[in-house]
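In what follows, chain A forms one complex with chain B and a second complex with chain C.
Take a look at the complex of A and B:
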């Protein structure tokens, strides 16, 4: 069996998946990065191999997410792409006439506007995390409600309370205040969902022309409370894909297969599933070559440097060829 | 008098020459670095913009190298930068540094202040009066030469075959210009620099996307403040036109109040002066759209009111003239990763748009 791999290494989760030759997802997984992207990628790779048929042949691998460069170096990716393009590609593969993609992940959120299958505008949250998964995670812990149950509680609300959602700190104190007033847990949770959506629409989506079909993806799309709050605010149906949590990784796999096709299906750079067992090490140093003092990162595999980045002038990056 | 000045782009080469020839001991501030920004952030008000913080850090670094006088520029508002010289002086005084800040106001708009600053500046000069015109004229020639060579480098980098080569050659060119002082030397250094740049191996068959860079002058001109976006984009194969070069800007603003075409272009969207470069950002976007550019990137210091005003109008300009615009807000919290992701995504967006326009499959450019 032949197919492609896609990986999305984010701040909170690391998602890996495999597709068949036509881009259909065979298996996917969503694990926590826990601040150790290299370990997470290796763990994910080993898990993925167990799920896949023994004769699975990797024709191409793509990496995205904030850890895309690192992931690309470790697994040997044929394509390294930013998460905005990756998410847009996956959404429009699923809903070809999609015009708006809402994506909320662990620590960032984005909106992508498409027209006729082409991205025309996008935005990412800049200064505030009040509209992201980590915020919900934290509040769920405070309220002692499992995050998986959050959405169901919200749906049971009769009269959602209004919570100031501009900033996580204020949202929290406002929420405590509403609790002390005696509002029900359901109403407070629904209020939180609405606050998050309001914050997202006022900040990330400010000035954007949100037209249907709207696709909602990223880890937070698991929360039906947020989906409902979006539908209420946008007055349109919001579509959550089956593989909402791994859309970025899927986009990376789709892009990798496109890239391989452009390159006449040459050999993939994928290091093989054995990469899960190899010894990788990351180190960094401040280059003293010029006043820029770039922080140079180098990644070594089994003691050999395989990748370097961070230097503006490229002197360390280009030295690589002579070392390996 | 050990004199220093604000660090911005390549202008230190010129200021160093002029002040040196006037007979002062010149302390060239170190190229802005993380250390500079850390120093500035530590002593600046939190909500001051990033140019203020970098300059403060830069002055502190220069003071530690022995500077006792700072020359800075004023402004005609309504942007806070006009008061920055004043505020810098007070912060430095509070920190116990006894330094003099000479603020040079635009000569034709604030003639009395300008002359006063000139008097302070010239009081201790060693060069005789008759030499002044020549000193300033050669400074001006040098500034123009630097801009000309820099422009040439930006026209070449998107086509370079070996990534990074243009940057290395450009650095050599700046060293050469730094050592050129007489009119003949400046002219020779310019020609030899242009030749060196032209000799870089290029693939001229590429059809790069064209992006205009607009925004507040300091963050547009100082690569450290904007995470080197221009070079980053050019190394991704994008042709970048920067809206501001110091020589032109000086001609248009310090001497008079010109830029009529930019103001006129902005008029249908913003007819008021909003301070700083706010109106220019609108006008330049309009001009880039007319020139058929693929997109525009606005660089703005975080909390910069003029650029915020411009940003809120830009989506309308963008829709009306059908040109994508992306804004990057910059401050000491801005992460390198965020900038890179946005630049990459914006370039993807532009190339998809172009492919579609040219009737190709709407496939992502890889």
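Take a look at the complex of A and C:
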């Protein structure tokens, strides 16, 4: 069996998946990065191999997410692409006439506007991570509600309370206050979902023409409370794909397959599933070449440096020649 | 008497007016010390010496001042009060209060030259320079230095308008020795033309903006900036009502100008917590919407991690390339 791999290494989760030759997802996984991207990628690779048929042949691999460069170096990716493009490609594969993609991940949130299958506009959250998955995670912990249950609580609300959504710090103190006034947990959680959506629409999506069909993806799409709050605010149906959590990885796999086709299906740079067992090490040092003192990262595989980045001038990066 | 050393901090007014002041002071017999390119140490010193709520460029300015005082140990510090340069607008309040701010932030200060730059035309600038010469170099004549400085500045602006990068037009702007020789910005003739707009101290400070100009040219983009438009041409694109702030008007006018010159998209580089930019960002957004061109806003702060900036510009360039390919009916992906 032949197919493609896609990986999306983000701040909170690492997602890997495999597709068949035609881009249909065979298996996928969503694991927590927990601050150790290399370990997460290797663990994911090993798990993926177990799920796949023994004769599975990787024709191409793509990497995306904020850790895409790292992932690309470790697995040997044929394509390393930003997550906007990856998410857009995956969404339009699923819903060909999609016009709006809402994506909320661990520390990023973005909106992608498409017309006729082409991205025409996008925006990402600016310096502030308000209204992303990490914030919800944190609040769920504080309220002692498992994050998986968050949405169900929100749906049971009778009268959602208003919570300030502009800044997570203010949102939190507002929430504490509402708790102390005696509002029910359900109403507070629903209020929180509405605040997050309000913040998203007024900041990330400010000035964008949100037209249906609307696809909502990223880890936070698991939360039905947020989906419902979006539907209420946008007055349109919001579609959450089955593989909402791994859409970026899927996009990376689809893009990899297209890239391989453009390159006449040459050999893939994929290092093989054995990459899960190899010894990778990341080290960093401050370059003393100039006052910038860039933090240079070296990734070595079995003691041999395979990738370097972080230097502004390219002095260290270029010493390697071809890295993947 | 040994030569007096005057220090010019590398931020704010620096990128617009360095050729004038560097020439002027050195012709008056001063040794001109320019602080180095912004680096981590300068940023840290700036944060340590400035009030917390200031925007990053002003903090960076403090860092450069700190370098000039403590490391270069200059005799005189040049911190002009930029008010007006002959247009119907003024500089941002932080420029207006810059000398006081610097005075309050450092316990030991060398002598400070802080002329009030509020000049309409060459004659007023000449008078201002005469005052400076009388006070700071009484034995010299003002005529020669002024002429040379004025010529240097005019040439610099003309060269920028011809598409040269700032370091080509004025060598003091040059990057560190490891940076590859930059091509002139206009020499890349790609189908993908993007206007990169923002205040000069955001667009040209490659440390704080994550080297966005270089990254874009590596992605094969041809870049145009506000400085590539001759002043008179730019002013034809004034809004029906000007904003108060000098650089803000420059950015908006340049935005409208380039949107009319068939750029594929616009990148607005802004500093977190910049008050005037709240307005500028919105005006650019409306102008882009009118022409159905995409706008990318890059918000800069103290962060030195570059992945956020990389993702945004890569995605932006990707999007524009795909738009072009789509228009030409070519395969979209890959």
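One rule holds in what follows: the second predicted complex is superposed on the first by the 317 of 324 C-alpha atoms of A that agree within 3 Å, B and C clash if a C-alpha of one lies under 4 Å from a C-alpha of the other, contacts with A are read in each partner's own complex, and residues count from 1 in each chain.
Following the convention adopted for this analysis, a contact is a pair of C-beta atoms (placed from the backbone, for glycine too) under 8 Å apart; a residue touches a chain by one contact, two chains touch by 3 or more.
Just so you know, these numbers come straight off a predicted model, no measurement behind them.
Engineer: Return fit or clash for chain B versus chain C, each positioned on chain A through the superposition.
Structural biologist: By the criteria stated at the top, chain C and chain B clash after superposition.
Engineer: Check the residue A:278 against both partner chains and state whether it touches chain B (first), chain C (second), both, or neither.
Structural biologist: neither
Engineer: Applying the document's definition of touch, where does A:289 land relative to chain B and chain C: first, second, both, or neither?
Structural biologist: second
Engineer: Under the stated touch criterion, which partner chain does A:84 make contact with: chain B (first), chain C (second), both, or neither?
Structural biologist: In the superposition, A:84 touches chain B and chain C alike.
Engineer: For A:122, select first, second, both or neither according to whether it touches chain B, chain C, the two together, or no partner.
Structural biologist: both
Engineer: Check the residue A:39 against both partner chains and state whether it touches chain B (first), chain C (second), both, or neither.
Structural biologist: It touches nothing on chain B or chain C.
Engineer: Identify the overlap between the chain B-contacting and the chain C-contacting residues of chain A.
Structural biologist: Residues 66, 79, 81-85, 89, 116-122, 124, 126-127, 207, 255, 258-259, 262, 290-293, 312-315 of chain A touch both chain B and chain C.
Engineer: Given the complex with chain B, which residues does chain A contribute to the contact?
Structural biologist: 66, 79, 81-85, 89, 116-122, 124, 126-127, 207, 255, 258-259, 262, 290-293, 312-315, 318
Engineer: Help me check something: in the complex, which residues belonging to chain A touch chain C?
Structural biologist: Residue list for chain A touching chain C: 66, 79, 81-85, 89, 116-124, 126-127, 207, 254-255, 258-259, 261-262, 289-293, 312-315.
Engineer: Can you list the chain B residues touching chain A in their complex?
Structural biologist: 30-35, 163-164, 167-168, 224, 228, 231, 302, 312, 315, 324, 329, 333, 337-338, 340-342, 344-346, 348-349, 352-353, 356, 362-364, 366
Engineer: Which bits of chain C are touching chain A when the two form their complex?
Structural biologist: 36-37, 39-42, 176-180, 206-207, 211, 272, 285, 289, 294, 297, 299, 301, 303, 307-308, 310-312, 314-316, 318-319, 322-323, 326, 331-334
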